[in-house]
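Both of the next two complexes hold chain A, though its partner changes from chain B to chain C.
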Partner chain A sequence: MVREGGPWVIVGIAVAVALLYPIVSFLRPGWEIMLTYGTVLAIAALGFNLLFHHVGLLSFGHAAFFGIGAYTVGLSAKYFGLKSLELHLLIAALLSALFAFLVGSVAVRYRGIFFAILMLVVGQITWGFYVKFYSITGGTDGVRAPKPLLLLIYDTAPLSYHAFNLVYHYYSLLWFVILALAMWYIVNSPFGYTLRAIRDSEDRARSLGVESWRYKLIALAISATYVGIAGALYAPLNRLVTPDLAYWTFSGKIVFMTILGGAGHFLGPILGALVYTYLETIAQMITIHWFLVMGLMIVLIMVLMPEGILGLTRRRAFRSLTKLPFGLR
Partner chain B sequence: MLLEIKELRKSFGGVRAIDGVSFAIDAERRVFLIGPNGAGKTTLVNLISGYLRPDSGAVIFRGKNVSGLDMRERSRLGIARSFQLVNVFWNLTVEENLAMSVASRKGITLKPFPPLRSHREVLEEAAEVAKAFGLEGSLDMLPTELSQGDRKVLDVAMALALRPRLLLLDEPTSGVATRDKFAIMERILAAVESYGAATIIVEHDMDVVFNYAERVLVLHHGKLIADGDPEKVRSREDVRSVLLGGIYA
Partner chain C sequence: MSLDTIARYLLDTLFFASLLFLVVAGLNIVYGVLRIVNLAHASLFTLGAYVTAWFTASFVAARFESLLALLVFPLIVAAVITAIVSLLLVVPILRYSYGKGDAFQLIVTFGLFMIFEELFLIIWGRAPQQAGDAFVEMGSVQIFGSPYPLYKIYVIAFAALLALLFWLITYRSLFGLTLRAISMDPEMTSALGVNVMRFVIIAVVLASLLAGLGGALYLPIASAMPGLSSEVLIVAFVGLVIGGMGSFIGSAIGALLVSLFRTLSVYFFPELELVILFAVALLVLLLRPEGIGGGKGW
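And then the complex of A and B:
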């Protein structure tokens, strides 16, 4: 069983992130928005990790789904005048799932490096679409994502960006709680166990009557739906949707966040996304060669804590450091 | 008739692994499949379970030709198998491994809600199977924490938790210390018989075979060279000289 990260822990994290916003805003104005970025990216990382940890499939193309989500908001607002973000989220979820079913019907029949490369190619094709079809997508200039209508009634257009960021933080947190809770139930359900069984031994799972490719396809669709929704939530926050969001380096970011927090832990991707967002900002402040800093960081993480930040909690040295006195646990 | 094998053939390149094998199983419960290394025993198990498809011939299970069905589909019809090398879900506990079999049989593996832990009937049945195999004290353990003998038993228990009509056991005591083989086989056979499944067992240890077999099938170079009562098979000169090396003469 995935024992950590039960419903109350998820709600607790959301409350903590909610309380942190005004604190960070007061201590270091401008840095609070990274909490919102982290929250949105945590949804993407949670979705990615369903496929990565629970099925054992590494995808270097999940930015494709993120791009679908983000462009859904930008393009539907631009061409159809859609304002409701819930409607955008619904369309983004459906399109991401549909696209995942299309590419997955071929891709999930492969494993390991073959699956990873296939997904990378898919991601790059979608990136190429956004870049080349500039008459529709705006090419590298991208497309604007206006302030949306929230909860079908609350128009955020008149708000200043400072006020919008505050409202949007709590709106994103609401979606984070809903989706993280749903993911926790999924990974602990018979379906979640079956995914891990397939990961451990596909032959054995088949011998038990499990049609493995079907489960992997559904897992990919769920994973893509999460990443697509995250992309749609990202768009109004970022105000601009560009092809970078579908580029392979963005897929790499999602992989990085998940490994940073600890892919083997339910909470790992969430922590990883929050920490990554700040790490990247700090690296960008230090040097224009921030990619180099992040690259070095990946190397250090892989060497020093291959199980991610949460993996440290399993180490004896860490446990003795954090041991409470008087036998308290 | 539970199982009919008709003129089954399977080649790998130029090697005829199974070459025109035919036999039928009905009431027998302990059918042992023996033969030297490379005789085609595991290939035959793979053909019956659906892991491999035959080049020609037929596998007829309870009157239905299942030759074109894969392992998953045959499992649904009542053919279950264990593996020569322990093949379990290494990152799931013993209880969860068994629960996967039960959940699959009950058709709930696609359910995204509620948590598996809420399916009390699945966990209770997993615990029952564990008890039948003497694994009740290891429910919370990972397979890596079990002895080799218990891992083999878990492998068989997972197959039996599907409640099959026919159980194929590929060397259930391989890798187990000689002194423990009889104890492991006793545990497996007692549990299997309590569930009433017919069993085809691939086994190398002739002491084990002739102690427990109701019927013995002897494969050699992909051909079935002997089939019948253990004592009669053992007394045959060709079997003794070719397969048993004269030890049981």
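And then the complex of A and C:
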């Protein structure tokens, strides 16, 4: 059983993020949009962590799926005039899953370093595609993602960006709740248990008759679908889709969010993504060298708090801080 | 195809392979002794390139007229600085990551990569740094009636010399014997009275030195700029996968094959460079999962 989280906690987080939006926009106008970014990135980090924590495969190429999702929105709006975001999400999910099956059929046969390297190269290939076929993709300038049609009937094009951001925040939260709940059931299903059995000892799982590569492939496809959907949700929010989203350092950012929150906890990636967006904003206000801060933080987190922020809650020092006086619990 | 085109193609392949070999061999040494794939390894190549550009432009080119000074001084400075940086930044992190699992090592070295990227930006900015003096001074030679830059041939010869030296050290010296023993069984080597950590540190610094020299040799025909590390890293990884991890011959074969296909694709389908390389890597992995030269150890 995955301890932390649970359906009500997920709903609780969503409600909290929903309530925070007007509060933050009142206290510090302009900072509320980071909540939306965090929500969208949380979906990606959740998907990544299915593969990272539950299967034990570290991918440095998940930006590939994020890019597929984002470019699905940008390109299909540009060339086919497709406006419905749900349709975009569906295509993005299918394309990412298809790509994951294609790549994974070879990659999941390898573990550890080999898997990481193969995924890294795959990610860079997709990035190279966006950069080099600039007549289609706009090269490094990217493609614009216009304001979409939501829920098949609600056209957001006439809205001001201020109003659109508000609407889009709650729309993203809706997807976040659906996908996070689904992930909760996936990791607690027999399928999830099998994945962890494979992670802990692939040989033992196989001797029990589990065709491990099949499970790993499906886990990769689910993981890719989450990241692809997150990419598609990211596009209208960011308004612009650039090859950076498929670059391997973006994969690194997804890794960073996950370990920041705590990869060993179900809620870790969610918390990590939300904290990450604010961390990036604050760091970029202080210094332009965000990568340096992030690089140092990655090293420090891995050395000092390998279980991330949520890992701290288990430490004694933290517990004594949160303990109520007079022996209250 | 005329004879001079073929010769040019082969020489370009060899030139690129020599540089790539220096990086792949370093990755292989580190993997051999520590079982770590260092994501920040190519950053040392870039460091070598940046240092060469800076040193050539601001010191050597203004003071010395001679070609020898252009070739020797920047190379030495790049080597020394790469070694120092490696000792101060790379060695402690790799030492700490030793035995902590693939995920830990990959993530920590990724952090190191980010630190390097940003440090380059802080020191040298976004503009490409160039210093083509040595390349220009050397001129070109006639090969089957068409000119070919002599500098590239010099790099091929220099890298071949380094490779020979590297081979002699690994296979014909006590130091190399110890390194190979560590790569096979560190505990047993330690039990035989070898200070394993000292050898590991020397090996990591040597590996960094090779990468730094690669960058220094590369700079005169190109420029150092943001994104170079990633580019080199990806291509070197493909070479590592094709050649096999932890093998000397593998590094050479991997570097050669990657360069062969890379030069081919650059000549004919420049857009598909990485796709072709990846296809080759997959093919090799399917036929020989441990890579062409891998699986046998050092």
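To be clear about the criterion, the second predicted complex is superposed on the first by the 324 of 329 C-alpha atoms of A that agree within 3 Å, B and C clash if a C-alpha of one lies under 4 Å from a C-alpha of the other, contacts with A are read in each partner's own complex, and residues count from 1 in each chain.
By definition in this document, a contact is a pair of C-beta atoms (placed from the backbone, for glycine too) under 8 Å apart; a residue touches a chain by one contact, two chains touch by 3 or more.
A quick note: this is a predicted structure, and the numbers were derived from the prediction, not measured.
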- What is the contact status of A:L292 with respect to chain B (first) and chain C (second): first, second, both, or neither? second
The chain contacting more residues of chain A, comparing chain B with chain C, is C
*So, does A:D141 touch the first partner chain B, the second partner chain C, both, or neither?*
neither
For A:T194, using the defined touch cut-off, is the partner it touches chain B, chain C, both, or neither? Pick first, second, both or neither. first
_Partner chain in contact with A:I186 - chain B first, chain C second, else both or neither_ = first
Identify the partner contact of A:D155: answer first if only chain B is touched, second if only chain C is, both if each is, neither if none is. neither
Touching chain A in the complex, chain B uses residues 49, 51, 70-72, 75-76, 80-81, 83, 87-92, 96, 99-101, 103-105, 108-117, 119, 122, 158-159, 162
Contacts from chain C onto chain A in the complex sit at residues 37, 39, 93, 96, 102-104, 106-108, 110-119, 121-122, 230, 234, 237-238, 240-241, 245, 270-271, 273-275, 277-278, 281-282, 285-286, 289
In the complex, the residues of chain A that touch chain B are 1, 185-186, 188-194, 196-197, 199-201, 203-211, 215, 218
Touching chain C in the complex, chain A uses residues 52, 56, 58, 60, 106, 109-114, 116-118, 120-122, 124-125, 128, 132-133, 247-249, 252, 255, 259, 289-292, 294-299, 302-303, 306
